[in-house]
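Below are two complexes that have subunit A in common, paired first with subunit B and then with subunit C.
Right, the complex of A and B next:
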């Protein structure tokens, strides 16, 4: 199905094991950097974007010869979608029209976007909670690029970025959490009494933002939430990371305690939810991604509390990515209408969970 | 119009028709999340947009002293254009709109001076710049008060040498707590 000239796909690190994975799905760190002497992207002159992309392509190849570099203008749409679904590029980077590119490592844990909102967006990822490793990796890559490139930097404002919300360290650190118990609201209870509301409030006081997986601020799709820092000026990046690490144990403890309490007080209902999810996922003939995500979330809870065995978190995480439109279309080798995607998705999920899928 | 988003499986709520140079039409149907992360129709996030609206350009004497007009000589950006889109045009904008930028950064981050790593193994320590800047700024205030514009221009250059942006005359770090002007959505899906 895939052409020989196809570049290697970035690995699915999300399917690997990581610390605290019963609650923390993944961690991410990104740095925003710009190159001195070039306009920011919104003000590129004729040919400036091409020149900068070419220059940075050269730099990145020098920094790490093992990077795969793609100029997105020459990259097929389906491959771009797959890269987006694997977090290698942002959605905006896929649809933009100006000269732009991306470098990534084959294991998929590192990517550098060229000519995104900033000239460089350096990103590292990992499964579970492991910010120390990530910060070491992202700093090292930043230093190696910074040896070869003059960054836009002043001692007063730090790293100068296109958007003032990134000025200073240019760092955004975020962790993706699975909080089904904190999001749980028993019937007849007042709205706003779930634990997740308290998490929102506590995080806000610490200058952290809590959002759903797709940016929503209320109850998130599939109960997947990301917590990230907001402040990039006035304090070193180590402090932003420290704040997050200080806040997380509380959230993790809280989620685990409520999971335990629910299992004790409401076991039948939780079991019912988990096994119904299993029933639909292994039998449905067509399924939307929203329904699949919500059911995979229930299944994930079932795996974490050892109600379901024989399915690993890695399998669930791989499905969460493989069931998205770009991956489905790449798998099918052609463009698919949404209705057809729902059918292909249901088949993929059935085959994967019942162990008949080779992947 | 019930149809899924072009980019994901959510329901599309934003419908656009783009007309290219040749007159060809392309229809796009996006959900709110995708539309937002594609910067359709506006670049700045809601929170940032709100913040920017409250920022009237300050016509400070110090800004005009060295003959700087209120648009960036490097990229042509004006402050009102910046306010509209929430994105700078080049690194020099930080200097050209120094006072407004400092106020804005304090509103967003609660601070307007940097602490942390610097390129090629350097480091900027807390308070390092503030002491020096405060001193020169006081001298600048005095020079302006005495209408000694030549000296004021020199001091302004000095401030620029120390760190980009003339900053403001308010005490540094005296801003509000961050009120959540994030750009999460611009990072695409997932883990912004």
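Right, the complex of A and C next:
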């Protein structure tokens, strides 16, 4: 099938503008759904996974003929890596071995994983904070699939899911926040006095989780944090979103206030950090992913507080994805050793920020 | 005395070109001399220091009317710091309390300390490596002073000095070397395998000392090392210089060979180091002296191997002195707290390297 050999890549929606983008990088909603009459994935009988994937492939193609559908068993590892780095599939979905697939739209804002932890994981994404639009989009897609599929559902428990924490609405809302000021700890201050610690504590009381981009629970790489609802059982989806919507304005206000205070009280240090980040990003000849993320975070702060102009947030977001190993290897057209990735990454960042990259 | 209130500063000869400057930053010769009929400084009787200083002040003004002579007791601390940072006086000479002084030429290549460890410390400096010229200059000055002063001298011991290691010729020759390649230690290599360790060991056998710019014996700040002869007792000055002259070509060759090998085998890493140094030096808003020295060292290597152009070695050498605390405070016209010095230093370096500094 030629459409599987050269499938269109999902678009980099993260490079678009979105509301509240000085603090909110992106938002995601996902629904967990299972199909009545099939066992949960961990209890598939012989051949059940193949049958279900084939069935859902057909359903999804009917629901939206513009979907690109990939059976991951037939998909090259390099492409799977790229899809993972664009948030279209989870890491577990890439590394699994059973029959499984993914459908996505060309703009990359919608994907449906088939046979992940649940039979269906319906995901919608958007830049910045616009949960209302995401709710509308994910509900619409959920309805259109639900017209064709019998979901596992009981009036008492709601949607049944493989893991009980998802049962009920099956909804998880995650918002990626950039909190450099809340993460900032002045020299000589006591450990644990940063604002981010207070955010963690407050979020926990609301049943919200705060994690680093890569799951860290303390100070996150690049000061990027995901905040998400946790338990969906027994709560209507509106309430899960409501708790997040109630908490977010506080976090945003808090981050913005500390940014303003830092700019007032510690401007030279912030300028130093921002300009060093710009300097190294545009001059390094080799750079690790962790260092680059940390410097892009500083640069992002510089752009948000208007210290740096000529660089858009979209460019920074695009780099955050394009500099990851799968994207670098796809760009290079071959597998790369880590030290060679560091060189290709430095070149990509330099060329992109200095505007010599046609990509 | 108005000439002591606004004395001309000694010139920054280090910003001039010199032979072998890719490796040799500068050379210095000094002679230790004492005056017959006076006690060594540590044994001065009441009033002896004043009398000797007055006497030698007169002698030096006769020897070279163009000398600027400063009695350090009457010299502001800020000016003393500047003289120290230009190598005109030693740290001990600045902080001492007894009657003492210094004479220097306008170009800063010659100075004579009065009542330092010995009654007279005659010093000549030059950029790069040109010991023959320095010998001629220091001998000439020594002769002209010796015509007017009875030196403490015995045929058996030579010139008598306060510390026995200087007795004999009283000559110390020091050469400041920039050895980034010999100091370079690739990741994962065993400690102590750098070339600089071999240089240390070889130098020791020749009775030569290798020290960091600030006296460190292992890897030096900025990879700047002083190599000097040690014992002068019982050896003619020609031999002390001879040993150094014998050893230096080996060290220079060794450093150059490793530079060439690194550029061949590890070019990306060297480019990365050089360009990051340039980037941070031209963008930082605050920078410590230690970080700046280390980055200037990398930049210097980049200039020597022609990776960076548009920056002269003289500019780097000038910055190495102008960024020191005394110079920064003189520039600012007031005492500066260390954190404020870091800001003024960053501005000076940025403006100088980007060519917006008129100084």
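Convention: the second predicted complex is superposed on the first by the 354 of 359 C-alpha atoms of A that agree within 3 Å, B and C clash if a C-alpha of one lies under 4 Å from a C-alpha of the other, contacts with A are read in each partner's own complex, and residues count from 1 in each chain.
The definition used in the following text is that a contact is a pair of C-beta atoms (placed from the backbone, for glycine too) under 8 Å apart; a residue touches a chain by one contact, two chains touch by 3 or more.
Since this is a predicted model, take the numbers as computed values, not measurements.
When both complexes are overlaid on subunit A, subunit B and subunit C end up sitting side by side without clashing. Of the two partner chains, neither subunit B nor subunit C is touched by A:86. Looking at the shared chain after the overlay, A:268 reaches subunit C, while subunit B stays out of its contact range. By the document's definition of touching, neither partner reaches A:318: not subunit B, not subunit C. Once the two complexes are overlaid on the shared chain, A:285 sits against subunit C while remaining clear of subunit B. Applying the stated contact rule after C-alpha superposition, one finds that A:276 touches subunit C and leaves subunit B untouched. In the overlay built on the shared chain, the residue A:156 is in contact with subunit B alone; subunit C does not reach it. Set against each other, subunit B and subunit C touch different numbers of residues in subunit A, with B touching more.
Overlay on chain A (Cα): least separation between subunit B and subunit C is 11 Å. The contact sets of subunit A with subunit B and with subunit C never meet.
Touching subunit A in their complex are the following residues of subunit C: 268-269, 271-272, 275-276, 278-280, 282-286, 343, 346. Within the complex, the subunit B residues that touch subunit A are 3-4, 7-10, 33-34, 36-39, 43, 45, 48, 74-77, 85-91, 94, 101, 104-105, 108-121, 124, 128-129, 133, 162-165, 167, 173, 177-178, 180-192.
Taken in their complex, subunit A has these residues touching subunit B: 26, 28, 30, 34, 36, 38-40, 42-43, 84, 87, 89-93, 95, 117, 125, 139, 143, 146-147, 150-158, 160-169, 172, 174-176, 204, 207, 209, 211, 213-216, 226, 228, 230-237, 288-290, 324-325, 338, 341.
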